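What follows is a single structure, written as structure tokens, with notes after it.
Every chain is named by a letter (A, B, C, D, E, F, G and H) in the order it is written, and numbering of its residues begins at 1.
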Amino acid sequence: MRRERVRDVLHQVADGALDVSQALEALSFEPVESLGFATIDHHRALRQGFPEVIYGAGKTANQICEIASRIADRGDGVLVTRIAPDAAEQLCTTLDGVDVNAVARTAYRAGAEPTPRGIGSVAIVTAGTSDLPVAEEAAVTLAALGDCATRVTDVGVAGIHRVLARREDLAAARVVIVVAGMDGALPSVVGGLVAAPVIAVPTSVGYGASFHGIAALLTMLNSCASGVTVVNIDNGFGAAVAASRITHS
Amino acid sequence: MRRERVRDVLHQVADGALDVSQALEALSFEPVESLGFATIDHHRALRQGFPEVIYGAGKTANQICEIASRIADRGDGVLVTRIAPDAAEQLCTTLDGVDVNAVARTAYRAGAEPTPRGIGSVAIVTAGTSDLPVAEEAAVTLAALGDCATRVTDVGVAGIHRVLARREDLAAARVVIVVAGMDGALPSVVGGLVAAPVIAVPTSVGYGASFHGIAALLTMLNSCASGVTVVNIDNGFGAAVAASRITHS
Amino acid sequence: MRRERVRDVLHQVADGALDVSQALEALSFEPVESLGFATIDHHRALRQGFPEVIYGAGKTANQICEIASRIADRGDGVLVTRIAPDAAEQLCTTLDGVDVNAVARTAYRAGAEPTPRGIGSVAIVTAGTSDLPVAEEAAVTLAALGDCATRVTDVGVAGIHRVLARREDLAAARVVIVVAGMDGALPSVVGGLVAAPVIAVPTSVGYGASFHGIAALLTMLNSCASGVTVVNIDNGFGAAVAASRITHS
Amino acid sequence: MRRERVRDVLHQVADGALDVSQALEALSFEPVESLGFATIDHHRALRQGFPEVIYGAGKTANQICEIASRIADRGDGVLVTRIAPDAAEQLCTTLDGVDVNAVARTAYRAGAEPTPRGIGSVAIVTAGTSDLPVAEEAAVTLAALGDCATRVTDVGVAGIHRVLARREDLAAARVVIVVAGMDGALPSVVGGLVAAPVIAVPTSVGYGASFHGIAALLTMLNSCASGVTVVNIDNGFGAAVAASRITHS
Amino acid sequence: MRRERVRDVLHQVADGALDVSQALEALSFEPVESLGFATIDHHRALRQGFPEVIYGAGKTANQICEIASRIADRGDGVLVTRIAPDAAEQLCTTLDGVDVNAVARTAYRAGAEPTPRGIGSVAIVTAGTSDLPVAEEAAVTLAALGDCATRVTDVGVAGIHRVLARREDLAAARVVIVVAGMDGALPSVVGGLVAAPVIAVPTSVGYGASFHGIAALLTMLNSCASGVTVVNIDNGFGAAVAASRITHS
Amino acid sequence: MRRERVRDVLHQVADGALDVSQALEALSFEPVESLGFATIDHHRALRQGFPEVIYGAGKTANQICEIASRIADRGDGVLVTRIAPDAAEQLCTTLDGVDVNAVARTAYRAGAEPTPRGIGSVAIVTAGTSDLPVAEEAAVTLAALGDCATRVTDVGVAGIHRVLARREDLAAARVVIVVAGMDGALPSVVGGLVAAPVIAVPTSVGYGASFHGIAALLTMLNSCASGVTVVNIDNGFGAAVAASRITHS
Amino acid sequence: MRRERVRDVLHQVADGALDVSQALEALSFEPVESLGFATIDHHRALRQGFPEVIYGAGKTANQICEIASRIADRGDGVLVTRIAPDAAEQLCTTLDGVDVNAVARTAYRAGAEPTPRGIGSVAIVTAGTSDLPVAEEAAVTLAALGDCATRVTDVGVAGIHRVLARREDLAAARVVIVVAGMDGALPSVVGGLVAAPVIAVPTSVGYGASFHGIAALLTMLNSCASGVTVVNIDNGFGAAVAASRITHS
Amino acid sequence: MRRERVRDVLHQVADGALDVSQALEALSFEPVESLGFATIDHHRALRQGFPEVIYGAGKTANQICEIASRIADRGDGVLVTRIAPDAAEQLCTTLDGVDVNAVARTAYRAGAEPTPRGIGSVAIVTAGTSDLPVAEEAAVTLAALGDCATRVTDVGVAGIHRVLARREDLAAARVVIVVAGMDGALPSVVGGLVAAPVIAVPTSVGYGASFHGIAALLTMLNSCASGVTVVNIDNGFGAAVAASRITHS
């Protein structure tokens, strides 16, 4: 239940459109719901503007579907990340209106009320084609959080003119998410080109001494462009939430 | 030279207050100035809103002073981080108006014109007393960038009531910087309490398996609170610039 | 053969209920039994209060069944951890009364005599739903060792009110086992809330820079809450034994 | 202020020995006291049975002395670990009755009231002479927490008869702390000999591939003796607190 | 072609049993034979007393069979380690008299002449049942090199009486190979019990912080028993060759 | 489009063989072509002498085929590395004249015009048979880049006479690529034998403490032979490009 | 003794300008000279075109001076790298004509005959001012090896226009050495700009997660620009030798 | 007390040269002597042929002197490794006849009776001059253990003819110890040249990616020469003891 919905209820009480017992009813669910195997934090939307997102890895399809159902029951939007294909399929039969994105490995179902829009757009920049799944996870998440995204794809630094050619797109963004594997060098260049916040996402793309993304992670943590921040390897979701915290602040 | 200063010059030309040759003179320095041992990026202020900051480690006192002088000559503010005491001393004799902060290991001298203010304040939260030098570096940098900061000190999670007691201070901030060493657990708690952007700074405080901040760094990269972003170990400066990118966006 | 059983035999001799030759017979097995591929330590129960537990990984189904049979022959309880499904199946046809727990990957068969009860209960706290298999391994082990456990599930620090809401459950426990992956921050919070011994179990839940549990392990080793101890990644079994050493001391 | 002291006050009120305003005065300090650079958790003793311990590393002598004074003012005992010689000296001039242990790098001053005794003794076992400073830190901490310790020194596994010769001392302990560097093998042997809880402390003793204690840490985390728990490298303090949590439970 | 065979030829020439042209023929192969994808070192037996051993991993079945055939053609013994089941099968159809050991993952075929015997026997000690494949690889290799081995199985340090019970077997050996995973502590105990050379083999047995054998490897490199030497993780073959270098010296 | 082709066009214009509009047409494609999921850098051949090479890992067969088609459309040669068998098969049905090398995991199709030849030959030296796939990737790449290669196979340092026997082959090369796994020692020996540039390629061949090529990588980075340079683990492609940069300089 | 000098002697013999006994005398020194603590490889110049270079770290001043004297005695040039100030001072009193470079930590003394010149110049590009000592070591080494170098200083990617402004300098070089610490991103950009060989040198400049140059090293090994090769951290000497192998090939 | 001395006593009793009470007196000391800070293992010489060696690092000068005195009191030889200069000086004033080796960082005092000689000599081979301190520690230890050593110095693989020129010296040795830092490649070459046991000692010589000896350690563990064993980084002492275990077996 989002902050907006609670405010609505309170205004209706103030206006006499709702009496206290009705309002109580509307607000009367427990903030934390226990399912035995999970403790759902229904207050999160109220506290942070977006509902609890389900991290699909390590959960059974049954667990995912049950948690999703409880969240949907309260009218909140449901987003599952890192969902396995079979769990996604089962979720689609459990709830209607679920949108599965195979590349991003996400399942999404909009909430009852429109999501508040973030102010300004978010650019998602990728160094290479292989980074697309992570970028896609970020894009799906941003959409779920009420943000609009623009894509700047496959502009790695080995062909530096590619990213320079897109400077205007970058300059137009309120936040820039830069997704890169292998050498992870792109955020340093982008961070020097724009004044906006830059969130770097290392990916596990590469082999050998890329160490499944450690090389890119370290590059980004040591970026010579000041003020670049970093999230976990392949964490497109986290980068999107971080961007949305900014556009909604 | 900041964007504001250039805009001023252009307006004066438009208004006839400055003729073209004077304006040319005012704008006529090279964007990049070569000192042999350094290539100063005078355009950075124009491009990103803050001038080039001098990273003091690995530079001789002479190099620092010469770079600082060139930046000061253009009227820009000078900030040196990780400056050794003797270099700071030499800088004070080279330029007047330099403010040295021994805890933060910084030297700062304001520019000719007031720095544009960021919108909203930045909270700097520390887990322990030993994290203060990093927090102080962030605070000095924020001041130089035109941001105001509030401190929430020594509220590590082992006494969870300490941070809960400061929830209102946290809620009032536009951006929250959380500085923690050892287990680095504080950003996960703070990230769950506030809706604002949270920037986590691991510190090298600790011993043994803290591995000079790696433990805290990994904790933060894996934060179970969504959308927490991370900077390098002990990088109070970078966290402040990231925060300022947000408040100035 | 447990210490209690030996004491019984000796008392019966003292009381004349058993003559020496019968007692000798009862005690006459070799403390160490060699199977060629394994050397069973039958004295362990005598020495430490619990019989040798079979670590199933890396052993063939045949090896597991033969070792289990020898232990069962002496009337001791049999516990196998990390047992593969097919080995568990074969064990069920070899011995009767085997209880297989697929989530915990354990197989258990009670001994001939009741297990001595530990004093006080053990709380098993998990940060997330994905940590349940490790928690379940701990729970099965505790039951086998004569301890009773209470569960506090999915109370990770990103929603700090969840764990605070369970403070009384935590305060009631003689020992608290805290199971967490990703940032591994929960033991630091719990360690600050209770006075009882806290045993932290990092799990391999997470991705990227969680490094299969290293991040959580390091967090726990560096816990800012004093006196938190740690076991190996995913080692629910070890945490349970450690807890049981305390409740039986 | 310990739990016992608060109970005393309440009993005195119940008995009429103290009127309410006096009692209020006695209890009227804030549970959390802010010094600007530190937030002292005066409730910790109440919550956990021992007061906040000052970690000396990374704090200035002035900071240590001021925090210590505030704790001492409330009548609580003061323990500082990892204190530098000069800070220890300054502390001795600030407070009287401070006991400095140069080997353990600790400074200790007893509280106004006797510390509640733990039940059972704690054995501190070391593998080599070079591990003594860590063992000494544990011993000082145990004394401060009201526990009595016995020493079993230099009984590393390369001369296995040395530790076997001390089996009775080990068997008599309620908790065993095992301190070892280099191969860190001793806890595995001790863990197999005793039924009591075993807390392993890796030390940074060694060179080359000991990696400042990582080798010993990993050995202990992988102990083939079940139920051995581990604390951070060189963390004699933490092992002692963990032991004391057991003896006071 | 072993040193013994060459000496034979030379003696026969000296005795007139062989004329020079026949001797030349017998000795006339190139010491190094190129197969395009491999360069076989036929002189190795002459130089070091044992022929080139084929490391099966990363070679195709065809490559293994062709190299094996060329070695067999010269009358030398053939040993293949880390051979996949299908390659072993193909080798059995290519050459006759091949002995495949599935546990050890080896294929062996004796040479035309008996292998010179090593002086003294080699003890192969394992800490646990799961270490058997590595021990078996060592045993097969020793047999191929002309050494006889005795087994001491599953005597890990958590039940220290198990290894002490076998002291005489250990004392009787000329060389002791100790195979252990997890904590890798056994070589430190054995190294202190015997005066003979001790070769430690870490295994990848374990999970979590065993890091696929790194924990055991580090333990062994830091053994507090002097003069213990170490080979690569799971390298039973290498340990056997090292032992054989000693028994043949 | 290679530099040579552009020069041709310009000469034809100068000679009147081509009028300006025809020349414009010939040169009129965009240097960077966007496919949505990829941004092809058609100028690379012009800038660096070889066209963009497609890294097959992490790309779908469809993506590979589309990118390859666009490059082929411009008459440039197509090289795909790390291509999966099914993608290679699909590519063969998409374009004709594709040459698939299963060992090297490459697919290659020559461009419309002959590739400019490098000056001097490149020796590809391997330490063992298992290193052949990496060497093969280098060989295919060199052929595509217009270089000729000679092979020196399976000459690892454990049989030092093997590499010494090939000194003349090494001395004849303009550049030497040395491919080695396990101990990675061969480049140090070769680097001391020849005066030519030596490029070392660590491979992931080995097990245990080879850490998938890290051991060989570190060996090569620390080569006691001066001036040996190193590329990523298993990066036969990169070594070939580096060699070709030299032969074409 | 360089190859040129030997050829001279041989030509003089052919021309009758030198009789055989004189020539023998000139060539009669042992190729390897033993000093007890060192074995000097006087043939290296003959074999590789440059004499043995003395790595100063870990050698006493006496050892350095004696080795240097022996090399100088044969008329070869002497280069010492990583020389401590006091050893450099002692060397200057031992030999005349020694040129000490404090920034590069080198001592150099030209040989009796001019060094053969490399063909083409070498560009040394640095990302920041703090990288200068490593660049200087490369420059001194290049000079000693007969190569001429051009400098492009402080053009890190955070201000991408700085390196783009120097494209012509880069294009003019036969070999480009790129020196960078922190994120190590510059070689990827340079590698995409030029067709010449690019040798990347990671430096230990940075802090925290730069891990003394590991971050930069990994970045460079994973460069998305093809054909970039890498040397050890801070190894300006090695990069120069590698460049010189190219210019002399 | 060595095995020989005990046998002597027993023979004298058998011969009547010593009565039982005298023999008892001679043998009557405790095998383990406790000094409070140390537990001396006087039986080690009896069990293993050499007395307990004192590892000087981490022990105070007083502790070293007291332990040394107790060992000397029993007539055993005293060897201290890693001894600091001031501790060595104090030891010389405590005991007479102490031989200090500053390069090896050892102090040695012969026992009352001659040490039994090992059979065959030990070759100590070093790759570079900087490896000498480790080689010297091995040499001093071998002398103390009754072994004779020959030196082959500075024969690293970058000048492969240097080690080939010493093949006969290598072939004459019963055991070969190879000491190398940086790339650690020398043991692989030596292991292929000789049939004798080869013990490899990595040293911390090098910089950057040598990681204080890790690179050399990994190289040696992955040696492509079969049967090379490895000891800890810089552990010349351990290599010598391992060699002596062989020569005395």
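Going forward, contacts are C-beta pairs under 8 Å (C-beta built on N, C-alpha and C of every residue); 3 or more make two chains touch, one makes a residue touch a chain.
Computed from a prediction, not measured in an experiment: that's the story for all the values here.
Peer 1: Name, by label, each chain that touches both members of the pair subunit E and subunit H.
Peer 2: Output, common partners of subunit E and subunit H: D, F.
Peer 1: Report, in degrees rounded to the nearest 5, the angle of the rotation taking subunit C onto subunit F when the C-alpha atoms are fitted.
Peer 2: About 180 degrees, rounded to the nearest 5.
Peer 1: Using residue numbers, check each pair in D-H, E-H or F-G against C-E and return the one sharing over half of the contact pairs.
Peer 2: D-H
Peer 1: Among the chains, which is located farthest from subunit H on the basis of C-alpha centroids?
Peer 2: Between subunit H and every other chain, the largest centroid distance is to A.
Peer 1: Measuring from the mean C-alpha position of subunit E to the mean C-alpha position of subunit F, what distance in angstrom results?
Peer 2: 39
Peer 1: Express in whole angstrom the distance between the two chain centres, defined as the mean CA positions of subunit B and subunit H.
Peer 2: 55
Peer 1: Would you mind pulling out the distance in Å between where the CA atoms of subunit A average out and where those of subunit G do?
Peer 2: Between these chains, centre-to-centre, one finds 50 Å.
Peer 1: Would you give the residues of subunit G that are in contact with at least 2 other chains, written as numbers and ranges?
Peer 2: Touching at least two other chains: 44, 128, 158-159, 192-193, 208-210, 214, 217, 221-222, 226, 232.
Peer 1: For each chain, which other chains does it touch, given as pairs?
Peer 2: Contacting pairs: A-B, A-C, A-F, A-G, B-C, B-D, B-G, C-D, C-E, D-E, D-H, E-F, E-H, F-G, F-H, G-H.
Peer 1: What residues of subunit C sit close enough to touch subunit A in their complex?
Peer 2: Listed in rising order, the residues are 128-130, 132, 153-155, 158-159, 161-162, 165, 205, 207-210.
Peer 1: For the complex, give me every residue of subunit F touching subunit H.
Peer 2: 127-128, 156-160, 164, 182-185, 188-189, 191-193, 206, 208-211, 214-216, 218-226
Peer 1: Flag every residue of subunit A that touches subunit B in the complex, lowest number first.
Peer 2: Touch residues, subunit A against subunit B: 44, 47-49, 53, 120, 174-175, 192-199, 217, 221-222, 226-233, 237-242, 244-246, 248-249.
Peer 1: Which subunit D residues qualify as touching subunit B in the complex?
Peer 2: Touch residues, subunit D against subunit B: 31-32, 34, 36-39, 41, 43-44, 52, 55, 57-59, 63, 67, 82, 202, 204, 212-214, 217, 232-235.
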